[in-house]
Structures are given as C-alpha cells and as structure tokens.
Amino acid sequence: MSTAVSDQMVEKSFLQALNDAIAFSMRNDFRVIVLGEDIAGGAGQGTPLEGSMGGTFGVTKGLLEEFGKDRVRDTPISEAGITAATVGAAMAGLRPVLDLMWASFAPNCFDQILNQAAKLRFMSGGQAKIPLVIRMAVGGGLRAAAQHSDTLYPLFTHLPGLKVVVPATPAEASGLLIASINDDNPVVFLEHMALYRTTGLVPVNHEAMSLGKLGVLRPGTDLTIACVGQAALLGIEAAEILAIEGIDAEVISLRTLQPLDLDGLVACVSETQRLVIVEESPPRCSVSADIAASISELLFGHLLAPIGRVNSAATPVPFSPPLEDAYLPSVAKIVNKCKVVLSAV
Amino acid sequence: MSTAVSDQMVEKSFLQALNDAIAFSMRNDFRVIVLGEDIAGGAGQGTPLEGSMGGTFGVTKGLLEEFGKDRVRDTPISEAGITAATVGAAMAGLRPVLDLMWASFAPNCFDQILNQAAKLRFMSGGQAKIPLVIRMAVGGGLRAAAQHSDTLYPLFTHLPGLKVVVPATPAEASGLLIASINDDNPVVFLEHMALYRTTGLVPVNHEAMSLGKLGVLRPGTDLTIACVGQAALLGIEAAEILAIEGIDAEVISLRTLQPLDLDGLVACVSETQRLVIVEESPPRCSVSADIAASISELLFGHLLAPIGRVNSAATPVPFSPPLEDAYLPSVAKIVNKCKVVLSAV
Amino acid sequence: MISIKTLEQSFREMLRIRLFEERVRREFGKGDMPGFVHVYVGAEAIAVAVCSQLEKTDMITSTHRGHGHCLAKGVEIAPMVAELYGRESGLCHGRGGSMHIADFSKGVLGANAIVGGGIGLAVGAALAAQTLKDGRIAVTFFGDGASNQGVLHESMNLASIWKLPVVFVCENNGWAESTPASYSTSVSDIATRAAGYSIPGVAVDATDYGAMHIAAEQAISRARVGDGPTFIEAKFPRQVGHYVGDGEAYRNRDERKNARDSDVIAKTRLALESRGVDVISIVSETENLIIKELDSAFDAARQGKWPSTDELEKYVYSS
Amino acid sequence: MISIKTLEQSFREMLRIRLFEERVRREFGKGDMPGFVHVYVGAEAIAVAVCSQLEKTDMITSTHRGHGHCLAKGVEIAPMVAELYGRESGLCHGRGGSMHIADFSKGVLGANAIVGGGIGLAVGAALAAQTLKDGRIAVTFFGDGASNQGVLHESMNLASIWKLPVVFVCENNGWAESTPASYSTSVSDIATRAAGYSIPGVAVDATDYGAMHIAAEQAISRARVGDGPTFIEAKFPRQVGHYVGDGEAYRNRDERKNARDSDVIAKTRLALESRGVDVISIVSETENLIIKELDSAFDAARQGKWPSTDELEKYVYSS
C-alpha cells in the first residue's frame, strides 16, 4: 500500500466512494465540516454515537464517530436556515459540506442558493469566498413521486456563480467530490439515487478530478451520446444494444454542467457528427436544450442529423410505476432516438 | 361608448393597462382578490384608505378604494407564507392575484411555486384547481443590482404545471393579464420594469389574448428576431436600424413561454430561414437555448445560418451602470448578431 | 369530560385507523406496494379528535403520514388503497401515492411530502373561507420536525393578523426521522411559540383521547365563530419507525418500549372499560367490518388497472 | 448607566453617521447616484451601541439600510462613497452598490437586499467562530419587516440549539416600506418571539442611547463567553421615507412629526449637556472632520474610474 499507489484502483460502491471522499477531505482539512438533516442521525440517544443513521442513504455513516459532533452536525428541518448558515460559515472560514437530502427540498432554500451563495462573491467585488458543497440526491425510479424525485439540473446550471456536478460512476463520485470540496466556490453536487449501490473501480489515492472536463465512458465513432449523471448508465446500455446492430456509439458523462466542457464536446461531436443528449429533467430550458443550442451553433453545417434529445416527460414525476417508467428516460428511448438520428441523412 | 366598442382602442401606459385589467377582472368575478407586500400600502394609517401606495410601482393603486380591504390585502414580508396561502386559497375557491414585487424575491417561495402550485394538480390526479396569478417585476436597467434584477424566465419555464407570461406592450399586458386571471392554472406573470411607463393602444373592451400565441410586432422577410418580453422593444429598435441598411427584420413577441407557440415560430422562421433570439437572462439553460434547440431540430437543413442568441452575460446583475449596460442585451448587440446571422451563407 | 358516546365512537374510529395502518404495514412487507409509506400508529387520537368535530366541507392539509387524517375525515378505504398501489382507481388516479393522497370531495386538500408544505395551504384555505364567508374552517396537521420550518412562523403570523379560521395541529411524536425533537427544537413545548404570534397555544397529551378532544373542540369553535387561529401541540411518543421498514437502530430501546406503553388505543380501551362499556364487542365489531373492507380493498387494488401511459400528461394543466 | 466618556464617544459616532446620511440624501438629489438608497437616519444608536463594543474581527450582516452599520464597524468613507457611485475604487469595485455594500476586512459580511437575507449568514458566521474556536462573534441587523421572514425563526432555533455566539438585532422602526408593523406583525414586542426559542429577548428604546448600549453590552458578552444568542428589539420611529425620495403619502402626518420629535441625536445631546459636556464644540469638531472627508470622498467618487467592462465576469467565480 505504501508505494506506487497512484495507479491502484479499488472496487467500491458509489456510496462508499462518496463516504470515503468526505472522510479523506475531513482528515486533510479541519475546516471541512458536514451537516444536514439526519446526517449523523439519532446521535446522543442511548449509547453515545451508536446506531447513527448517516443520512437517508447512509453516505455520511461513520463520520460522526471519527470526527465528532462539532464537525458532523445533525440539523433541524430548516432548509433555508441551515443553508444560509453554511453560506455564512463558508464566508467566515469553514468549508461546509451540506446534505440537503433530496433536491426537491432545495426550493425551500432557493433564496440562499440563488441570491446568497451564487451572488455574494460577485456583489462583494470578490471579497466573499464561499467554499461550500451542497449535496443532494436527485432523480426518479424509487416511486417516491413528485415531491421527492426532481433533478433540477437546469435550474442550478442556469445560475452564474454556482458550479454544478453530476457524477455517473464511483470513480467520478470520488474524484469530483474531492475536487468540489477543494473548490473555493459554491458547488451543487447532485447524486442520482439509482447510483448509490452501483460499484466500480476507484483510485485509492483519492485524486481530484478537474471540474470542467467531460469523461468518455465508451469510445465510439458513429454517434455521440452525451449524458447527464446517471443517464450515462442508460447510455452505455443503449450503446451495447446498438453495438449488436453494428452501431458504434460513443458515450459521454458530462461530469460537470457548470463549467461545461463545451470544447471537449465539440471535439467529440466533430468526429461523430451525430449527437444524442440524455437528461433526466423535463425538456423545457433544460441541459439538453442548452447543449443542443450550443452544438447546433458551433457545428452548424457539420452535423449529419438534427440533435436528438431524450428527456423526462413534461410533467411532475408521477407515482404509479408504469407512469414513472414512461416519464423517465430509458434505454429503449435512447436506442430509438439514436436510430432516428442515425437514419437522418 | 355603447356600440361597436370591440374595435376601439385607447392609448394607455403598460402600468395602467395592468391596473385596468385587474380592476376589470375584479368587477367581473368576486373571487378575484389581490394581495402582496405594499400592494395597498399604508392602508389604515391616518385618513382611511388615503395615500395608499398601490405596490412598489403603483400597479394596484386605487383597487383598495374600489374593492375594499377584504379583496385587496397588504401582506407581511413573508414570501413563502403568502404564496402558500394564495395556493391554498386558490384550491379553496378564490382566484388570487399575488404581487411578489421583484422576481428576485421568488426564490424565497420557490417551494410554494415549484412543489406546490406547479405540482398539486398533477399529484392529486386532477382534483386541485389552482387559478392563481403570481405577478413579479423583472429585469435590469434600474441599477438595482444583483438581488433586484433577475428575470428568472428559464427557471419558471422549466417547470411543468406553470404557465409563464411575458408581455411586451400595453395591449399584451392587458390581454394577457385578463387571460391569466381567467385561466384555471398557476400563471407566473413577468413584468419588465422598463415597460411600466411605455404607452400604446389597448382595446377598450378588455379582450383576453390567448395564452400560447406569439405576436408579430413587425413583419419582415429577411430574418426573424424572437424576443422575450421587454426585449421586443429592443428588437423593434434594432429592426429599425437594420431597415435603414435595407434589411427587413421580423420582430416577434413570444408573449407566453409556457405554453410556447412553437408552431407559430416555425411558421415564421420557415419563411425567413434566419433566427435571432433575444432574452434578458444569463445564457445557460435559457429560453433562447430552449428555442434554439427546438428550431434547430425542427428546421434542420432549412436554416441559412446558425441561430443567433442575445442573452445577458453569465454573471449576476452588476450595480455599476457601465457594467450593467454591458451585462444587458442591447439594440447594438441585437443589430450585430443579426448581421452575423445574415452574413452566414 | 367527554361523553361515553363520544369516547366510544372515537374509539371505534381510532381502532379503524389502527387496523388500517397495521394492515398497510403487513401488506407493504409483501413488496408490491410502490414507494414508501409512513403510518399513523399511535397518533390516532389527534386525527379523530379533530376531524370528528369538523364538517365535511371543512378543509384539512396533511403530511407524509396522512392515512389517519384521510380516514378520520371520511375518505373511503378502497380508493385510498388503490392509490397506495398507484392504480387508476386511486383517489389521485395513481399520480400521488401515499405521500400525496388527497380527496377534495372530503375536504382533504392533500398529504404533502414537503415537510411543512401543507401549513401555508391551510392558511390560504382559511383565507378563502373568510373571504367567501361560507363558514368553512381549515386545519393543518404537521410534525414536531415541521415546526422548525420557517413557513410555520410566517403562516402563524398571517393567520393571526387576519384572524383566519384555521387550527394549527402540531403532532409532536418526539422524532423527525432519526432526529429527536429534544435535540432539534429549542423549546420543550412547541406550543409556547404561539405566544409570539398572539395565538392561543396549548400542549396536550395526545395519548389521552378526552384531553385531545376538548382541545380540538375549543380550537374548532374559536375558528368557527371568527375568533381566529389556535395552536395545538399534541404530544405522544412515536411507537413505530419513521417509515415502514425503519429498524430504528438509532433509537434507544427503553425509549421505544416506553412509547409503546402509552398507547392511546390501549388507554382509551381501559377508560371505556372502567366506564362499563363492553369494549370486546366493539373491537370485534369494528374488526369484522374493517377487515372485510380491507380484504376487498387490497384485492381490488392489486387487480386494479394501471393508469394508461397515454395519459401521462393528463393532469398537468387544467383546461 | 454608561460613562460620560462612552456617551460622548458614541455621540460623535452617531453624529458622523447622521452627517454621512444627510449628505447622501442631498447628493442623491443631484441625480447622478445610481440606483436607490435607504438611509439610517434615526437608527444611529443601534449600530453604534453594538459595533462600538465589537472587535474588528467580529462579523456583522446588514440590510438594505446598511451605511450606518458599515460606518460604526469602522469602514472607511471614501471607498463607501465610491461604491455608492459604482466606481472601481468602491468597496465592491462597483459590483454591489448601496444595497450590497461589504467590507470583509472590517468584518462587514455585507448589506443584503433580500429582506431577512443576512440573518442566517450571521448564524453561519457564528457557527464558524464556534467551530474554529477563534473567539469571534457575529451580529445580524434586520428590520421589523424582516422579522416576519421564516428564516428568522429557523435561524433563532439553530442558534439556540447550538448555543452560537450571535446577537439578533431587530431594528423596529415601525414600518416596512408603506406597511406599518402594527398591521403586519402579530405581536407588539417582537422580542417576545425569542422566548419560543429559549433565547433571552429584550425590547429596548433605541432613542435612549444608554439603554441601547447596555442591552448590546449584555448580549455581546453573553455571546463572547459562550452563553449563546440574544435577541434585541431596538424600537424607534422611522423619521424618514423608506428610500431617499419616498414622499410617504401613505403616512399620517402627526405620526411622522412625532417620529422626528424623539430623535436619538437630539436626545443624547440633551443628556450630554445635562451632564455638563460642551456639546457645541463636539458637534463642530465632528462636523469639521467629516465634512472634509465627505467633500473629498464625493469628489473622488464622482471622478473615479468606472469598472472596466472587460472585467464584467471577473468576480463570478473564485479560482
């Protein structure tokens, strides 16, 4: 373990990768604290520190035991108050990592995100420094219905002053979360719930990935499938199906929506000349629209087909399983869209 | 006045058109109430009802005197509470018209807009009916700086369940506000501050305009300039400048962003084959991106040039006048972008 | 003290809710109920005391733990169960599920999965009633956890200055998920916060049905006669996990056990017995009735039609 | 009672703020100051009583009406005025203006144009101080209008359960724009709301400098020694329009006149005189000093360079 660790990889779950990344960052920097509703959970009841919940999904499990109550704080259900507090704490010298549970609760603290975190540095002419990571679970598939399943990717991406991160794999979860905690700006870190139990190889040395570089998850020459977060897993499945039919699709994880690696994307699509974008959000003013607009402009005349977009339906997220399935992007929808894009001359 | 009023028009300001539209709707339907911070203003101090403020811009002036305190209510500064209350009141039989002052304050009640107003009908399987209009002043130019100048057009447009209205002229202010109050859905009604004092002809009969139909403010054959709200006035000025150089630009007011008149837009751009979109919002995941993505797809191969987009800068709104001017869309920027679009082969 | 008749009737109603919820827990274990559910076990006195004294046209807003409120307000079982299974015949045509269950025809303006989400809606419903002068009142139920949401503060202030016909019912079960109220809440009686809004606030033992009934009666009558809002903090210990399936590893065993020892249904049963009521027959009667209803509701729900995916966009807008 | 020396020193400071604000009003009238401004006239005792007892490293958050807080916390006049004119040499390089004026080097974490926006930030600053154990404390100023924002409730609760070193200072001038506190606020002393969070709350007459000073002293020392938050409601009547240029047509004339009759500077002047202090020299000394400073600050600001539009995107992200 002591030499040449840099190339070493270890298999772990997305959830464990996040947990390790936070613990690593906390060990390295005493200013890093974590807080949120139930992120320690039940601490102080019964045998001290036992049975703590570690957040709804367990991402912060064990941190309380290692770092103590001052650095691992359960909070009341007060999204506005706790978010404001982390913004203030960041301006005053800490590097908080806030867990908001579900992104659907972020509207409760949208003032603090939009008017405070995103703007204070600018309004103060560069005086404020806000090293803050706001983690949220996003997305559908759990039958959690309309008020627990939003991704809100486009809402955050629209706001200058925020960085927006959407890991798709355990390696990305690790590298991007470490980078986000190291970053001196407010970062919205969006974890799709369907990813927590997925596994993959992660560098043991906790290397930061740079924010603003996409990842090519699968090389391919016939068309590019650019994916937001968890959609990349669907993209890969779709590519595998297409491969059976002799179609060689490139699959991209965008990794960060702000900054967006537009150069990287242009480079990829210049080669394939066909693009499908996959995003689990309703279509209007979405990330897929954003990218489609930019690529259409930058590669005008070089694309062989209209850009295909696979989004969620233009509805709130329904509860009923068949409706939710119809609402969500799916492998089948991606395959179909790719075929449409490939069939265009 | 008693016969054939339907064609009659009267000159009035944008502000007066709004005021008249609200009063008209209140006279017609006792369920229509208005509320918001300072919308009556100072009522109850001194001589009863005298000197009332009528909102920050005066849009609701005089309503208190005509309709009384039960239907014209000042509220505390509690955006979340008052918005929730209007959603609840709408579900329980009223047709509230809520004034949130500036759109920059809407993040304070984003839960109520995003999770409640926009979703309750869907989540309840069609049981909830939410006839609610949320009015907000939007936009820059007043040197009001970052926390008083947002438009948030894309944020609202992204959310299924809301309608989003952006009038550009007094006639649109009148016709669209009446339609919004008549509508059984939550409508976000966005009034650009630079418009209040503009004047124009308005039908005397208070006719509703349909939500979901764009307006052609200036016909033209060489390119289409599609504008969001107040940007249309810049678009017209730009078109006039272009006209001097022999370029015949069509100027469109989109009027409603949700529903969006995509058919109407396709029809226009099919003719001109060149499109510039003007929107006062930062560019990422914006309305201009949304429209550019759709039109690029629908008119793939039929456009003579990449779609041009004129947005605000990708920053919070700066205070300093030269910076704010550089931040905002402008006539010059539109003219330049049109020329770029026209010069492409 | 409330009458035997009232106590007996309320006991039946509480038992109905308990049996419904216990059944939901069991059925959930079978794995075919989508999503997650939170049951009202232990809190029955609150919904029953309040809703049994409301009119059908009165309006309530509920929480993620809303089955009890629905049942007490008169919502039918079959369409409730169908909703839990996401079927077209559900109250919300399968769009909402347990956390968003609603029945506007019974004045249930919806469970709300945003903690604190329903509070302001009820204030608005009360505003509508006051403005329309139609005599309705509104009640909002919410948890101790929700009491730390700012919208409660704003809503209490609004209700107070406008003297709205609304009752705030804080269901303090001592926990918000894994977070004890003693940790998260800066005051031992949440009801004391009402004084900051000139609203009468009362803390009640919600394991004592009679006390709960009287508190509800007073609040409802204040609202009904136009005297404005009341805040009731209904205290009881959480008997079950936060959601069905929550093992409560974070919770002290003794505290859990004690919680079960002060069960309102057991206590009411004793109270009725001590007043000479034949509780055994009441229980078996109630059980017989509801078990049949539940059997057929669960069967029907499981066999019910799914919503058509063609109608995915059906209820986004009203036209 | 506070010492003559303290009273005299505070009088000078209050006068400085008054003269600054009166000058801002006059200069604003010339039409070349961009945007809109809100002045601190009549509230001076609050900022001075609090900030004169803070350390430079202590942190405050302010409101749309923030000039007084800045001056009392030691911010220099020239870069303040430059900021009001949107110049590159302004504290925020012209990006913020009056409503977002900030000077982190003096612990001023910013005026905030969102009503209630600064409250939670100060709680967070106090959390940082507590976690880093560096002895700093934080103070948040906000108005009576802001007291109806839910984030205050959430922030008080947080500060209380974590015993944070923060002071809540509610500047109750009786008005929020055109809306009287008596209409919008459901309690006559906003300070009574603190009890709902187990926070000591005190209502003070902010036109009585000594009372204000002592209240601030107690709150600051509680925070400093780790005893947690305090809530001060500083009451005074609004003497001027909401913003510079507000004609206050909505306001009763007598009420306006009475407001001006209980001016803290006039009252403190009398108090000093009655204690034998030569106030006339203090006033002329203070005037002489600040008028010069203001002359040159306004001149410099008006002639100052605009920010370069090439740097429009400069401060969006830190790198």
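Each chain carries a letter (A, B, C and D) given by its place in the written order, and its residues are counted from 1.
Basically, a contact is a pair of C-beta atoms (placed from the backbone, for glycine too) under 8 Å apart; a residue touches a chain by one contact, two chains touch by 3 or more.
Since the model is a prediction, treat every value here as computed from it, not as a measurement.
Asks: Of the other chains, whose C-alpha centre is the longest way from the centre of chain D?
Replies: The most remote chain is C.
Asks: Centroid from C-alpha atoms only, then distance chain A to chain B, rounded to Å. What do you get?
Replies: Chain A and chain B have C-alpha centres separated by 32 Å.
Asks: Approximately how many whole Å separate the CA-defined centres of chain A and chain D?
Replies: Whole-Å distance between the two chain centres: 40.
Asks: Hey, how far is the Cα centre of chain C from the one of chain D, in Å?
Replies: That gives a centre separation of 45 Å.
Asks: Touching at least two other chains at once: which residues of chain D meet that condition?
Replies: Residues 92, 94-96, 100, 112, 114, 117, 148-151, 153-154, 157, 161, 183-185, 316 of chain D each touch two or more of the other chains.
Asks: Would you please write down the residue numbers of chain B that are in contact with two or more other chains?
Replies: As it turns out, chain B has residues touching two or more other chains at 75-76, 78, 80-81, 104-105, 108, 111, 115, 122-123, 145-147, 160-161, 314-316, 318-319.
Asks: For the protein chains shown, what form does their contact graph take: line, ring, star, complete or other?
Replies: complete
Asks: Name, in rising order, each residue of chain D that touches chain B in their complex.
Replies: Touching chain B from chain D are residues 34-36, 86-87, 92, 94-97, 99-100, 112-117, 145-146, 148-150, 176-180, 183-185, 249-255, 306-307, 309, 312-313, 316.
Asks: Under the touch definition given earlier, write down the residues of chain B that touch chain A in their complex.
Replies: Residue list for chain B touching chain A: 104-105, 107-108, 110-111, 113-115, 118-119, 122-123, 145-147, 150, 154-155, 157-161, 258, 260, 281-282, 284-290, 292-294, 296-298, 300, 303, 305-307, 309, 314-316, 318-319, 344.
Asks: Report the residues of chain B in contact with chain D in the complex, numbered from low to high.
Replies: 37-38, 41-46, 51-53, 56, 74-81, 104-105, 108, 142-148, 313-316, 318-323, 325-327
Asks: In their shared complex, at which residues does chain A touch chain D?
Replies: Residue positions touching the partner: 31, 33, 70-71, 73, 75-76, 78, 80-94, 111-112, 115-116, 120-130, 160-161, 163, 184-185.
Asks: Taking the complex as given, what residues does chain D use to touch chain C?
Replies: Counting only chain D, the residues touching chain C are 148-154, 156-157, 160-161, 183-187, 192-193, 195-199.
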